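Going by the order they are written in, the chains are A, B, C and D; count residues from 1 in each one.
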Amino acid sequence: MLEQLKEEVFQANLELPERGLIKYTWGNVSGIDREQGLFAIKPSGVDYDQMSASDMVICDLAGNVVEGSLNPSSDMPTHAVLYKQFPTIGGIVHTHSTWATIWAQAGLDVPAMGTTHADTFYGKVPCARFLTQEEIDRGYEVESGNLIVSTFAERQLDPLAIPAVLLHGHGPFTWGKDAKSAVMNAVVLDEVCQTNLYARQLNQFAEELPQRVLDKHYLRKHGDNAYYGQK
Amino acid sequence: MLEQLKEEVFQANLELPERGLIKYTWGNVSGIDREQGLFAIKPSGVDYDQMSASDMVICDLAGNVVEGSLNPSSDMPTHAVLYKQFPTIGGIVHTHSTWATIWAQAGLDVPAMGTTHADTFYGKVPCARFLTQEEIDRGYEVESGNLIVSTFAERQLDPLAIPAVLLHGHGPFTWGKDAKSAVMNAVVLDEVCQTNLYARQLNQFAEELPQRVLDKHYLRKHGDNAYYGQK
Amino acid sequence: MLEQLKEEVFQANLELPERGLIKYTWGNVSGIDREQGLFAIKPSGVDYDQMSASDMVICDLAGNVVEGSLNPSSDMPTHAVLYKQFPTIGGIVHTHSTWATIWAQAGLDVPAMGTTHADTFYGKVPCARFLTQEEIDRGYEVESGNLIVSTFAERQLDPLAIPAVLLHGHGPFTWGKDAKSAVMNAVVLDEVCQTNLYARQLNQFAEELPQRVLDKHYLRKHGDNAYYGQK
Amino acid sequence: MLEQLKEEVFQANLELPERGLIKYTWGNVSGIDREQGLFAIKPSGVDYDQMSASDMVICDLAGNVVEGSLNPSSDMPTHAVLYKQFPTIGGIVHTHSTWATIWAQAGLDVPAMGTTHADTFYGKVPCARFLTQEEIDRGYEVESGNLIVSTFAERQLDPLAIPAVLLHGHGPFTWGKDAKSAVMNAVVLDEVCQTNLYARQLNQFAEELPQRVLDKHYLRKHGDNAYYGQK
């Protein structure tokens, strides 16, 4: 079932090491079929050179495995929560990519300091707090998903306008309209985490992008008046 | 029309990811035929592995598309202004390359701190200010070009002697006698942005190159008394 | 003798340059057959493209060469001491990998600041002191091994829970259940050395991972209740 | 003439981009035949993919071209001076490699902070001052060579024990027993420039290597009592 989705998710997983976002198997990508309410996700801890599209595991939004002989990524329950609570998203990526992880370890939101950021993220990318002991005991992966959702709710953020989050001390989750675009958002996030860090080192008074430039760049690529690309 | 120019511009665009200046399609190169007053530029948002020389879009100096079925790069109007106002240049590159973008986000001119810089840029590379709301409303891309031109005029800079600029919060534009040399100037700029940043971190008192060394290195490679290469 | 072990050790040595941990021949990997009490190690200073599995040198726990026409790595006696004193380990790696060497040159323990660290190292990775003149005179490589062992004893560390050490001014040794996993631990160590350094630069108040998160991530992958991978 | 030397020098030049030391043609390698008193050097500004061994230019110690239809590297006179004044060396490399150039731009000697350094350089690598206007007028490249020689004389350094120098605001020259080993020394220098810079950032009190460890590592690989490698 869902052969095309499995293939897309498999290809998107292969992109993670190709684009330098992960080493070994330290990441996972999933993609969802909204009609059936099922998503495909990478199996846990399988080497990329021994993986095929048919190894992708199919799960439902309650976090149950529906098809597949391998264990899904241990982060699967986080994906399930995000798909359930963010109904507009179609793909999710988790990595420990170097620069995004640095900001996660620093425990800081990623401010919009350049147009690379503004082309993809309509404002700062939030860093969610550490889980409490109680939350960890209740279920680390499900509660990580719940924390992401509540962080977006409290800050009144649209998950499609800010398709990324950092987990303090851990790393980034990104998402998008499908698995492939979620990977692209992971690449953008890592890039702006690098440029922002150094821009501040170079000039401690380096400012965030003026709102007018943020608006211009984001809306040039997104929404009804976008005029980037071929569409 | 302009088949050879299209091929040169296509090849120069392919160099951007090969030399690590861009990810995905975050950049664009153009080249001009001065006799006809027409330039070829990359189409907007097309994957490199699906692009061919025939996809390059031909435009005139007023920023009109003259030939091509695809939309040109959204930055095309900036290229048009630069070709019109800088009559000595033959190729233009725009990227969000990492180190040049860091200086752009820091909002700082790039000083000449080493001979790598002096071999290509005869003095500091300017960082142009943010556009105003009024300028953005009037036309973001055209006004970006106008800002570059007025920055060079105010500072009395020769665009061939300083073939690069940073746009605050955005990234670099570079140019040269043709598309290929504009790419090389983009590589040099990114490299010196990296070395200058770290040289200052290593030694906060690190100085700019003495004028005599700047003169020697620049004039060893440029002008009537140059003696570098096979000429 | 020990043909399969030689092959595994050879392959693990090839991984060092492939994963960017070393340049030229600046590293060495060994692996042990516990039943026979013999280990295979890379020969000293042989180019990787001229090396084959049969060039691996077989040594015993007293540091004697048992088989092989080439000199073993000059660090071989350090490996022998570690295999003798840490009976649970099956493979050892020594590199001068960039980021771990930076921490070694800084003379600092590597704190657990993120889950990439916690997935592999159950607490901070110690940095052992410089050898004294007396120790160097007695035998630099054997005493380096003894110093690692005494560092773990004094700090009451389990070498399988913290499968790595830094030698002040030198670089890392890592180990694992076999040669391949020792290489993976070297990759993880280098990665966390990079992210920790920058996380502190980005936020000088960046904290170590809370104990509850360290526990969760380490125990998710290690021990009886682990649920990562396909087991 | 000197076909084998030309081939060695050609191969050593190819190593510069392969090992990430240069971009485009920003570097040059030479090697000498001491019996004939002639050296082979890369031609100036020729693309690597259009170069062959037969393009290497043969020069004498007075800096005259003896054979070859192409112009030699513009830095050729510096090589000639070094071969004349440092009779024990057999190969020379000049690059603008990133990390060594950073130290050159900072105008600082490179201290021995780790064993990677001590394995190759028996003490700190000196940074030579800027040339004066008078020296530049007299002949930039010859005087660069003279400055390197006088820097080593003033500091009483043995060019084989410290086979490298930085030129302030410019970049490194390295040398060795032949062209290939001069390239290796350029790789080591760039690596230690990176690790030293970050080690100091991580710990501003990071010390130089104790003399006893410097002695041990250097003499383990060099001189009569060396025991590294297969010899």
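The rule we apply is simple: a contact is a pair of C-beta atoms (placed from the backbone, for glycine too) under 8 Å apart; a residue touches a chain by one contact, two chains touch by 3 or more.
Predicted, not measured: the structure shown is a model, and the values here were computed from it.
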Task: Average the CA atoms of each chain to get its centre, and name the chain whose centre is farthest from that of subunit A.
output: D
- line: Turning subunit A onto subunit C by a C-alpha fit takes a rotation, in degrees to the nearest 5, of 90
Field: Whole-Å separation of chain centres (CA-atom averages), subunit C against subunit D
entry: 32
Message: Can you compute the centre-to-centre distance for subunit B and subunit C, using the mean CA position of each chain? Integer Å is fine.
response: 46
Field: Multi-chain contact residues (two or more partners), subunit A
entry: 201
- prompt: Where do chains touch, given as pairs?
  reply: A-B, A-C, B-D, C-D
Query: Which subunit D residues qualify as touching subunit B in the complex?
result: 23-24, 26, 43-46, 70-71, 74, 96, 98-99, 101-108, 130-131, 133, 136, 140, 169-171, 197, 200-201
Task: Name, in rising order, each residue of subunit D that touches subunit C in their complex.
output: 19, 113-116, 184, 187, 191, 194-196, 198-199, 201-203, 206-207, 209-210, 212-213, 216, 220, 227-230
